[in-house]
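Some structures to go through are shown next.
Both complexes shown next keep chain A, but they swap its partner, so chain B is in the first and chain C is in the second.
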Partner chain A sequence: MTVFAAEGLTVDIGGRRIVHGIDCAIPAGRCLALVGESGSGKSQSCFAPFGLSVGVAGGSAILNGEQLVGASEARLRRLRGRDVGFVFQQPLTALTPHLTVGKMLSEAWRQAGAPRPGRAEMVAALERVGIEQAADRLDQYPHRLSGGQRQRVAIAMAIAHRPKLLVADEPTTALDAVLRADMMRLLDRLRAEEGMAMLLVSHDLASVADHADEALVLRDGRMIEAGPAPMLLRAPTSDYARALIAASPRLTDPPPPLGPVGPPLIEASGVSVSFERPGWRRGRVTAVDDAALTIAEGEALALVGRSGSGKSTLGRAIARLGPIDAGAVRFAGAPLPDRKAMRPADRAALQPVFQDPIASLDPLWRVADVIAEPLRNLQPDLDAAAVAAKVAAALAEVDLDPALADRRPAALSGGQAQRIAIARALIASPKMLLLDEATSALDTLVAGTVLDLLGRLQRTRGLSILMITHDLAVARRLCHRVAVIDAGRIIEEGPMEAVISAPRHTVTQKLVAASA
Partner chain B sequence: MFHLLRRRLFTALPTLAAVIILSFGLMRVAPGGPFDGERPLDPATRDALMATYGLDRPLPEQIGLYLWRLAHGDFGPSLVYRDFSVTDLIAKGLPVSLTLGGWALLLAFVLGLAAGIIAAARSGTAIDRAIMFATTVLTALPSFVVGPLLALLFGLRLGWLPVSGWADGDAAHLVLPVIALALPYAGAIAKLARAGLASVLAQDHIRAARSRGLSATRILIVHALRPALVPVASYLGPAAAGLLTGAVVIETVFGLPGLGRYFVQGALNRDYPLVLGVVVIYATLIVLFNLIADLTYGWLDPRTRDA
Partner chain C sequence: MRLSLPLCLVALIALTALLGPFLIHWPYDAIDWNAVRAEPFAAGHVMGTDSVGRDLLARTLVGTRVTLGVATAAALVALIVGVAWGAVGGWCGGRIDEAMMRIVDALYALPFMFVVILLMVVFGRSILLVFIGIGLVEWLTMARVVRGQVLTLKNRPFALAAEAAGARPFAIVARHILPNLAGVAIAYLLLTVPQVVMIESFLSFLGLGVQEPMTSLGILIKDGADDMDVAPHALFLPGMVLIAILVCLTIAGEKLRDRMTA
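Moving on, here comes the complex of A and B:
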């Protein structure tokens, strides 16, 4: 029985058509994956018919025999509450911050008219989605839960009223690699148990193909390719689908070439970082415990760990961007000054690139000023023409049109913004880049091209790289060595190939399995 | 949270001391003194009076003595109202001011919140624009304009309500001053509540709530209102202190024997202990209400409890 069917589904925003006709049908118990890069209209296609976006749906979208297109908001609201469950990309912001897990779950339970659930029922519902200590969690506010736990709560809420269709918009994109695999298995299991139809939205074809029956590839609001998911993954007929699949990093990709390696550039030892315990309790929480790292000139090291493992804290402590309790850091043979004593020249040699590309650019500045900013301190006597020339050269080096120099960050795509952040790092002529999840916020396709760019820069400039990531497959694409961190301690370190082919520690084994 | 409370309590006393010392100094820098009347006193009487009240001693000693007495709950004698201590005067004026301010605070909160919620729920419509226009007018009109206008209309024209006096807290005597005092605050609260709601309603968890088929009212009240009230709470802290104590103009317009009147007369007459006493009360209330506002944040947004 078909639960959801679209025929010639269109979406208009402000009179402009952004989705040009989608046809699909999802039977009960089956999963359709809607795949495309950001801006392809995939989220709009699944939210607009239900009245959850500013977009206006046209054509036909039928849920359980009922036409959604043109239905009143009151009607759509009842349909959403009764027959559909939604899971969103950002677990951190999808839950109401001032309501406890139990209050929200109870509300979701009753949304289709069911009586107020008892505590035991709610505990069972949380345990079903894999939440430990469920009874305690009921009384907690969302911010006390980790991202993975919050996404599990969101899933428990989305299925609490036993919907016939589950719409999951990038449900794993904000989670670390190990959690992604867990979460997809959970969704598979719930779908089988409940006999729900599922509409799964993703930018990563390779990662969803295993979990979907059918796949539909969207580009610029048009269907490029559709068919059974395993077949589409194995034998894509369109160039675009092929490119999407190829962009998804795999552990079996060829290793990145390693140029000439010099003496150690960064030598960090005995690094420990702790933070004050939040709330009413006293004491400190250890984030990094006695960690040591060495990176040679011209070498890329990946610092890989799960969310909350302390990888960013360690990276920031080494780069003097964050606090450090104890430990020595030497840069090019000399001790690196304390965080407060870092001079511009020290900072120039070690440039960071962060995760959120748009947020790391000042929204009021022009691109040219963003890129030129490091020069103000480093080469204050440079005249305007020389600065403009350097900015143009930096834009060219990151494969961007020099005409972008006059834009402001709001007018950039995520990939363009991240390239500009990289150009800003390069203009300081650094010896080393600190990449803190620098491709995690980008689409598979865009992330792939940014990784390729970083690889090229690493080789041509002989850069050292410290790459912080939760995704071993992404790290594999750029880095020659890997250090695995868990609960603030470095538990395994070695050449990338060796660690991947024979992981010794269980955490490393999980990371390898999640990326395989 | 715990750190916040501890920090606030530790800073409260030095804050009060600083306020007292500063006011003390300012009072003495201002020209004139408590015994400068229309008829100059003869120097001997004057010196005797100064000695009686300890005003002839060095300034630091006077400040120290004042603080010492204050620590023992003694505000000192009034220099102008010769038969009363400052404690007596505050005990007479404070209940009037607190009653007036308390009702005005309640009215401003209820009225402002209701207007803000309705405007946010009808965002972009004529209702929203009408409410926002009204709040702008209300916040812009000073209470010494609104007060007499209300008195003129409801008191003199229509004759519904008394326009002056306290009458031992008779409710009818309170209606007009409470309204006149509350309206500008209600306008500000409405604006803050609407802006707060607008920013919360744009957040992800609201879309998630909509996706669960909840009604617009439920989303507004249950899922949006509490975090939207954070800016209102930060305004209400100082506003409450001002409302409860600083209704000087309204007390004058409506002839109410509140604390504000003593404050103004005390300042004009250079009645040092009276002015300082009122300043101490004001400052204590301001510190107290800001602390309450800080604690309210934790209830409004549980995330701040861990900060």
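Moving on, here comes the complex of A and C:
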């Protein structure tokens, strides 16, 4: 029985057509994956028919025999409460901060017209989505939960009223690699148990193909390719789908060529970082505990760990961009000064690239000024023409049009912004880059090209790289060695291929399994 | 459009108040013995005269000048002191921030009117004291708003990127953080001006503001209110100008604030 069917579904925003006709049908218990880059219209196509976006749906979208296009707001609201459940990308913003988990759950029940659930029912609902100590969690607020737990609560709310269709918009994008795998397995299990149809939106074709029955590839609001997911993954007919699949790195890919390695460049030992406990409670929480790292010239080291493992804190402490309690860092043989004593020349040698590309550029600055900032601090007496020439060269090095120099960050795509952040890092001729989840906020295709760019730069410039990531498959594209961090301690370290083929620690095994 | 309309109206009022007194025949402090409490349009006085025969239009124009002048000056003081205080507190954080914000709290807790009246009693009436008194309170909100903005902005990746680019702390604050909070600060500045107008008018209404024969909207309203039963027109014009200024600036400020914080 078909639960959801679309025929020639279109979406218009402000009179502009952004989705040009989608055809699909999802039978009960099956999963359709809607795959595309950001801006391809994939989220709009699954929210607009239900009246959940500013977009106006046209064509035909039928849920359980009821036409959604042109239905009244009251009718859509009733359908949403009764027949459809939604899971969103950002688990924190999808939950209401001032309501306890229990309150939100019973609200979800009430919306579906069911009687107020008892405590036991709610505990059972939470346990079903894999939340431990469910009875305690009922009285907690969303900020006390981890990212994975939040997403589980959001799923529990979405399926509380036993919907016939579950719409999941990038449900795993904000989670780390291990949680991604867990969450997809959870969704598979619930779908099988409930016989729900599922509409799964993702930018990563390779990662959803194992979980979807059918896949539909969207580009610029048009269907590029559709068909059974395993076939589409194995033998894509369109170039675009082929590129999407190739861009997402897997541990089974052949190892990439890596540059030669020189003498040690950065040696950090005994690094410890702790933070004051938030709120009224006294005391400190240890984020990094006695960690040691060495990176050679021209070598890329991956610092891999789950979210909250302390990997970013350690990277920033070493780069003198975050707090540090104890520990020595030597750079090219000499001790690196403290954070406040770093001179522009010290800073220039070790440049970071952060996760959120748009937020790491000052929104008021022109691209040219953003890129030139390290240069201006390093060589204040350089004249404007020389600066402009260096900026143009840096833009060319990251494969960007020099005309972008006059834009402001709001007018850039995520990939362009990240390339500009890389250009800013390169302009002062650093010896080492700190890549703090530098590709995890980007679409698969864009992330792939940025990774290729970083690999090329590393080989041509002989850069050392400290790459912080939760995804081993991404790290493997660039890195010689890997250090795995968990709960603030480095638990395993070694050459990339050796660690992947024979992980010793359970956390490493999980990370390898999640990226396989 | 919705934002520029009230701002244009205020600008128009300010311009009229600035240039108007040069264009009309009557000085604001000259007494026309032939026309005491004249009706509008009587004896060449377009808006009539007050209880001692001074031209009301001229007095309203000068009064608007004084009120807007005091308000602008006090708002600028609030902007400069508040932004500096909030930026230092927010950027330094820790104990310095804690101490600076407790000072703000303490000043908030002072009964403002009582302090101003005390100052007047001790030092005598002067427009300088009005400035000091108003400036004393108006920067507090600005300091809190700016501190909050600095706290969020300094943890944004672009501030960290600036540090990595070798920028000194002062340069990060001056070139990255302050420009990014300017919009919010200007929005609150626009909301401060009507508050200061109210305070100044209130002090003048109580007889604590500027001295005769100099005038302000508050004094004119007080005088008009005294004569309300025999000469209602004396209350009408200054009252309308005050209302127009307050409403326009409040609407503009709130619109701008919503736009900045949305």
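Keep this in mind: the second predicted complex is superposed on the first by the 515 of 516 C-alpha atoms of A that agree within 3 Å, B and C clash if a C-alpha of one lies under 4 Å from a C-alpha of the other, contacts with A are read in each partner's own complex, and residues count from 1 in each chain.
Throughout what follows, a residue touches a chain if its C-beta (ideal position, glycine included) is under 8 Å from a C-beta of that chain, and two chains touch if they have at least 3 such contacts.
Bear in mind that the values here come from a model prediction, so they are computed numbers and not experimental data.
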Original post:
Which of the two partners, first being chain B and second being chain C, lies in contact with A:His143: first, second, both, or neither?
Top reply: first
Original post:
Between chain B (first) and chain C (second), which, if any, makes contact with A:Leu79: first, second, both or neither?
Top reply: first
**OP:** In the overlay, answer first, second, both or neither for which of chain B and chain C A:Ala154 touches.
**Re:** first
Original post:
Touching A:Gly55 in the superposition: chain B (first), chain C (second), both, neither?
Top reply: neither
Original post:
What is the contact status of A:Gln111 with respect to chain B (first) and chain C (second): first, second, both, or neither?
Top reply: first
**OP:** Considering only touches as defined above, state whether A:Leu364 meets chain B (first), chain C (second), both or neither.
**Re:** second
Subject >> Which of chain B and chain C A:Pro374 touches, first, second, both or neither >> reply: second
Original post:
If you stack the two complexes on chain A, which partner ends up touching A:Thr93: first (chain B), second (chain C), both, or neither?
Top reply: first
**OP:** Once the two structures are superposed, pull the chain A residues common to the chain B and chain C interfaces.
**Re:** none
Subject >> Touching residues on chain B, where the partner in the complex is chain A >> reply: 1-2, 203-205, 207-215, 222-223, 226-227, 300-303, 305-307
Original post:
Given the complex with chain C, which residues does chain A contribute to the contact?
Top reply: 319, 321, 342-345, 347-348, 350-352, 354-356, 359-364, 373-374, 377-378, 421, 424-425, 428
Subject >> chain C to chain A touching residues, read off their complex >> reply: 156-158, 160-167, 171, 176, 179-180
**OP:** Could you pull out which chain A residues touch chain B in their complex?
**Re:** 50, 52, 77-82, 84, 86, 88, 90, 93-99, 107-108, 111-112, 141, 143-144, 154, 157-158, 278-280
